[in-house]
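Take this structure first; my questions come after.
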Amino acid sequence: MATPLAPHPDRALPAEPGVRAIARRIYARTRSLPLVCMHGHVEAQVLAEDEPFGDPAQLFVVPDHYVTRMLVSQGMRLEELGVPRRDGGPVETDPRRIWRRLCENWHLFRATPSRYWLEHELAEVFGIDVQPSAQTADVIFDRLSAALSTPEFRPRALLERFGIELISTTDSATSDLRYHAMLRDDGLGDRVIPTFRPDAVVHVGHDAWRKQVEQLGSLTGADTSGYAGFLEALRRQRETFADAGALATDHGHLSTDTTPLEDSEAARVYERALAGEVTEAEARAFAGHMLFVMAGMSVEDGLVMQLHPGVLRDHHEPTHRAFGSDRGFDIPVPAEFTRGLRPVLEAYGHHPNFRLILFTVDETVYSRELAPLAGAYPSVRLGAPWWFLDSPDGMRRFRELATETAGFYNTSGFVDDTRAFASIPARHDLARRIDAGYLARLVAEHRLSEDEATETAVDLAYHLPKLAYQRRTP
Amino acid sequence: MATPLAPHPDRALPAEPGVRAIARRIYARTRSLPLVCMHGHVEAQVLAEDEPFGDPAQLFVVPDHYVTRMLVSQGMRLEELGVPRRDGGPVETDPRRIWRRLCENWHLFRATPSRYWLEHELAEVFGIDVQPSAQTADVIFDRLSAALSTPEFRPRALLERFGIELISTTDSATSDLRYHAMLRDDGLGDRVIPTFRPDAVVHVGHDAWRKQVEQLGSLTGADTSGYAGFLEALRRQRETFADAGALATDHGHLSTDTTPLEDSEAARVYERALAGEVTEAEARAFAGHMLFVMAGMSVEDGLVMQLHPGVLRDHHEPTHRAFGSDRGFDIPVPAEFTRGLRPVLEAYGHHPNFRLILFTVDETVYSRELAPLAGAYPSVRLGAPWWFLDSPDGMRRFRELATETAGFYNTSGFVDDTRAFASIPARHDLARRIDAGYLARLVAEHRLSEDEATETAVDLAYHLPKLAYQRRTP
Amino acid sequence: MATPLAPHPDRALPAEPGVRAIARRIYARTRSLPLVCMHGHVEAQVLAEDEPFGDPAQLFVVPDHYVTRMLVSQGMRLEELGVPRRDGGPVETDPRRIWRRLCENWHLFRATPSRYWLEHELAEVFGIDVQPSAQTADVIFDRLSAALSTPEFRPRALLERFGIELISTTDSATSDLRYHAMLRDDGLGDRVIPTFRPDAVVHVGHDAWRKQVEQLGSLTGADTSGYAGFLEALRRQRETFADAGALATDHGHLSTDTTPLEDSEAARVYERALAGEVTEAEARAFAGHMLFVMAGMSVEDGLVMQLHPGVLRDHHEPTHRAFGSDRGFDIPVPAEFTRGLRPVLEAYGHHPNFRLILFTVDETVYSRELAPLAGAYPSVRLGAPWWFLDSPDGMRRFRELATETAGFYNTSGFVDDTRAFASIPARHDLARRIDAGYLARLVAEHRLSEDEATETAVDLAYHLPKLAYQRRTP
C-alpha cells in the first residue's frame, strides 16, 4: 500500500508549541512574498526557449548531483543513473528505470534536504499524493510525464506560477548572452538577468584556459595575447554584462587569498600561462591576484562581487575523467577569510562602491571570521548557507552562529543556488520556515518583539536580497 | 542522608513533552535489541579466562582514564588513584581509599558522560540505590565487592546478561590470538572476535618498533629484515586474524595522510628505521604510505578498515614516562580528511571490496569533510562519535551535523570503544536514547514519519553496525 | 508612538515551559549574588576619581567598539560617531547627534548582545521605559543626561548599587598604579585590584616597544638595556602589582605558541630589537618564549596567568592609522592550543603554583582542545566565552561543547571583560540566565538533580571565579 505524500503545513517549524505558534504567524507573513533569486544556476536558455522540460529522470535525477552522489554512495554507478560519459560509453537511457532507482532508494534521503525539496516539488508543484517507493515509481512517473507535457509546466509558466520576481543566471565570462538577448526581446530582460562568472579565464592552470581567453578576446575585440589586453577584455565584457542587466559577478576559488601581484609579475605569469609553462604556485598566486583586480573593477563599475571559496573540485579524478565536473565529488576544505581577504578589504573594504558577498561550506568560519568581518566592514555581506549547508539544521546554525555578531542586516538573504528550476519554491519556502523558527525562538525568549521579528523576516525574505545585490553607483 | 540513585526512565530524552512522547515510543523499539559491539578495547583474556573482576577500584577507577584524568584535573595525583608507576614506585594500594576518592569528588563529574555511565552501571548492573558521596562510599564499596564475588558478575555471565551478540576486541598485529583460540574452543569464537591493529609495526619512529617487527617476523615466518618481507608478514598475519574471525583492521594515526611512497623509497625508509636512523619526517611519510598499503590489502582480503586519526598522544611527557600511555593526556589536534584521504579514495574509493570507516575527535569535520565524503564515496562510512564526543550532546551534534549531507545509511552505527566491560550496556543505551531523541525531533518537525523514524532507529542500533563491518567479498 | 521598553523577567531563559520553570528557580538563587569581576577593562581612574560619567554618547556609543563597528558596517563613518581621529581632524562633537545615530539604527542590533545589554542598562540602571528610535532619541538623551548629573550615577555609587564585591582592572606593565594607590587610600584597595598586562613590553616588533621597556626600566630601577635586566624589571613590577593586590596577569597574543628559546638566543633577539633590527619571525619567537618565561614567573610569584590568543588586531590598517586600536577591526583567526601550549604544560602543567586560564574567540577549540586540556591538567581552567562569544547563544554553546569533557569545575566562571562600566550588571545577569537555562535542560533531561544544578549555578556565578583567580601559594 502506498504511503500518502502530504507535506505538513507546519513542517520545519520548531516543535515546541509556544514557539511554533509564533513561528506560524511570522511565516504567514513571508510565505507568499515574491521570490527574488539573486544567485543560481538555471540556464538562461531554458527560459529563453521555453521548451517543455524533459522526462522525470532528466528533471529530478540525472543533473542533480545531490541526488546522484547519494545513490552512488550506496553502491549505484553513475552509468545506471543515466549520467552521460564523456567518452560516449553506454549509460542507462530509459528514464523510467532511472526514476525507479531513485524511488526504490527513497529511504537513503531521510533527513536530507533533497528529500525535503523533492517532497515539496512532487506534492505542491506536481500534485503527487503518494510517497516514492518501488511500488509507486511507475504511477508517479506517469503522472509526472503527463504534467510535463502540458503548457502549465513550461518554464515561463512556472516562472509565473512560482512568483519569481527576479532570477539571476550564472554565465561564463565568454558567454555571448544570446539567450538573455532573446529574453529581453520577449520583455523578460528585467526579470531574468545574467551574472558574470570569470573563473574559466582567471584560473590559468586549467586545461581549457587558453582557449577561453582567446574566446574572450574575440568576443570583446581586445588583444588577449598580453596581460593588459586581458584586463581590457574583462572590463569590456563586464560592461556588456552590466548592460544586459547583470548586477553581480561570481568567483569560485579554492582559497580566499586576495594578495595582489606587481603588474609586471602578473604580466609575466600571464605570458607563461599562454606559453603553457605556468607552475601550480604561479597559477594560485595569479588567481588570488585576479580576485584583487576584480574587486578593483567592481569599484569602477559597481557590480556586486560574490565569492564562493573552499571547495576542492573533482576530488575523485577517475569520476572527473569519465563524467566531467559537478558529479558529487566536490569536497570542502578548511576555509580562512581573515588573512585571505585582508588585502582586498584594506584596499576597498570601506569604499562605497564596493560590495562583497561571502559564502562558505565551512561552518567554523561563521562566528570566528565571517560575522566579525561583516559586522565591521561596510562592504561585506554574508551570503546564505551554501550547498551542503542549505538545509534545515544548517540554516538554523547559520543564524545562531552569525547573527549575534553580524546582526541580520549584514546578511544578504536567501539564494537558492540551484540548477533545479522546479525546486526553487521549495528552497525559498524552507528558508522562510527556518528563519521564522529562529526568529520565533528569539521572541519566545523575550530577546525580540514579535513585531520586530516579523519585520525582520520580511526583510530577510524579500528586501535584503534586493538591497544587497543592488548595483553600486559607480 | 544519602541521595537516592534511581536513573529516570526518560533520561537523556528531549525535554519538550511532545517530542519526548515520540522519542519514548521510538526508544521502546530499540532498548532491548541485542548489542553489537564492533569496536572496543575489552581484552579477549577477560572473556577467555572468565575470572571474577577485581575490586571496585580496579573495575571503575584505576584503568578508566576518563575518570582518573578528571580527578587529576582537580589536583589529585595518579599515585593516589592507584595507577601503577612504570618504575614500580609506591602508589595507593587500598581499593577502598581509591573508590572513596571517586565518591568524594562525585560533583566533578556533573554533566559528563562518565557520571551518566557510572550511574547506569551502579544502578542497573549492580543494583546500587544511593548516589556516591563521602558518606556512601563505604557502603557502596561493600555492596559492589559482594556482587563481584558472585558467579553472576563473572565476565561471561555479564556477556549473557548484557545481551551482547557480538563483541570485537582490538589486538596488536603481534598478538598470537591465544585467548581467541580459547574462546573458539569454548564455542564463543563467533561471538568474540579480534580486530587487527598494526599501529605498533607501522609507526617506525616509536621506541619499541624494531622489537615489534621482529616479533611479527617470528610469528609469521616472514623475513622482516626487509620491506618486502615486512609486507608479506602483514599479509599473513591479516589472514591469521581473518581466519580467527576478524572483520576489520584499526589504525590510529596522528594525521590522515595516505600519500603512497615509491616502493623503493618505502624500502629505503624501512631499512633506515631498522638501522635506527629514521627522521621524524620519514616516519610520518612512512605512516601515511602504510595507510595506503593497508587499504590495498583490505581490497585484497576484504577486512574493513577503521581510521582513528587526530589525537596527539602522551601530551604530557612526564606523565607518560612515569605511568605509560592512556593516562588521560591524549589531546586532539585539528583534523583534515579531504586532502589526506584523497590518494586512497582515488585508488580504492569506488572499489566494491573496500570499506573505510572514519572516526574523529574534531567536530569541525562532520559537516565540512566527513559527511560530503561519506555522501559520495561508496566505500566510506562514518563511525560513531568518538571518545570525548561519545556523550549526550556530542552524539546529538553528530547527527545534526552529518545527517543532512550523509544521510543515516552512510553511518555505521554505535560502537562503545571501551575498556570498561561493565559500561557497555550503559553506552549503547545512551546512544539509543540520543538517536531516538534526534529522530523524534524530525518527526515532530514533520520532516520524517514516525514509521520511518522507528525503522531508522532500529537500523542504527542493530543492522547498520553489522552491515558496515561485514567482511567484503574478496 | 514610542514602543515601551520593559525587559521581560524571563528573558534569555529557555522557551519550553517545563525547562523554563526549572531555570527560573535556579536563576532566582543566583540573580542577587554579589558580582565578582575578575577580568575587565574599566579604568582604575574612573573609580579613583569618581567623577560623573560624561554624556550619553560618551557612555554608550563613542568608546564601545561593539556599537561603533555595527554602525560602521552599515555605512556610517567613525567620524560621525564622534570617535576621535589621531590627527585631530574634525569629528562629530554633538553628543545628542551621536546618540541619535544609535537610536535611529536600533534595528541593526536585533539579536545582538549589545542590544540586550543596552536594553538592560537603559531600563534597569537608568529607568528608561521607551525603546530607542528616531522619535525617542531626544527624550531618552535628556533623561540619561539628567540621571548622569546626579550623585547616584557616579562610579562609586554604581559600584555599590551594582553589588560589585571585587573588580579587577587591566593595567599595562608600565603603569605606576597611582589610581590603585588612591583607591587603597580610600579603603577600596581590596575591592578594586590591578592585573598585570605585559603585552606592550613583550611584543618586540611593535613601534612603541623600545619606549615601553625604557619606561619599565625607570619604573623598576632595573637595567633594561639587556635581557637579564629586562627579566628582572618584569619580576619587580609583577611584585609591585602583587603588592597592590593583583591576583593575575593577562596576555594577548596572536598565537598560543609557548616554545622557549635558549637564554642566549632570547638575549640576542632582545638586543636586536633594541637596535631596531628584529625580524617578524624573531618577534614571534620572542613572544612565544616570553609566554613560557611568564609562566615560570607565575610559578614563582603565584599570579594566575590569563591567555587571550587568536585575534588579528587592526585588520584594517587605514582605520588603525586614522583612529588607533580597538575600533572594531580586530578579527579572529583559527586557534590552536594543543601544540602551542605543550611546552608550558610539560614544564608547569602539574605544578601546584601554576594556574592558566584560557580564552578563545574560535569555538572550534572548545570540544577539540580546550575541554580535553582543562579536563586533564590541574593547572588549566577555561575562561568565560570571550568577546564575540559573550552572547546568549554563544554562552550556551560554550557550556554544551565544553562541559561534557571538562566538567563545570574546570571552568572559571563569568568575566565581563568590558570597558562599559554601566553594562557590568547586564552582562553578569545574562550569563546567570544562560547558565540557569543550560542547567535546567540537564535537570529536565534527568541528567542532573535540581539540587545539584542549583549548587552548580551558584558556584559558576560566585565561587568559581574567586577560586580560579586565587593567588597560588608561592
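Should a chain be cited, it is by its letter among A, B and C, assigned in written order, with residues numbered from 1 in that chain.
Quick note on the criterion: a contact is a pair of C-beta atoms (placed from the backbone, for glycine too) under 8 Å apart; a residue touches a chain by one contact, two chains touch by 3 or more.
Since this is a predicted model, take the numbers as computed values, not measurements.
Peer 1: Tell me the fewest steps from chain B to chain C, where a step is a jump to a chain it touches.
Peer 2: Steps on the shortest route: 1.
Peer 1: Does the chain A and chain B pair touch with the same residues on each side or with different residues, judged by whether over half of the numbers are shared?
Peer 2: Under half of the interface numbering overlaps between copies: different.
Peer 1: Please report how many Å separate the Cα centroid of chain A from that of chain B, as a whole number.
Peer 2: Spacing between the chain centres: roughly 40 Å.
Peer 1: By the touch rule stated above, which residues of chain A touch at least two different other chains?
Peer 2: 16, 334, 364
Peer 1: With touch defined as at the start, can you tell me which chain A residues reach chain B in the complex?
Peer 2: Interface residues on the chain A side: 3, 7-8, 10-17, 69-70, 72-75, 107-113, 116, 312, 315-319, 328-334, 361-364, 388-389, 391-394, 397.
Peer 1: For the complex, which residues does chain A have touching chain C?
Peer 2: It is residues 16, 18-19, 334, 336, 338-339, 342, 345-346, 349-350, 352, 364, 367-369, 371-378, 380, 400-401, 403-410, 441-442, 444-449, 451-452, 455-456 of chain A that touch chain C.
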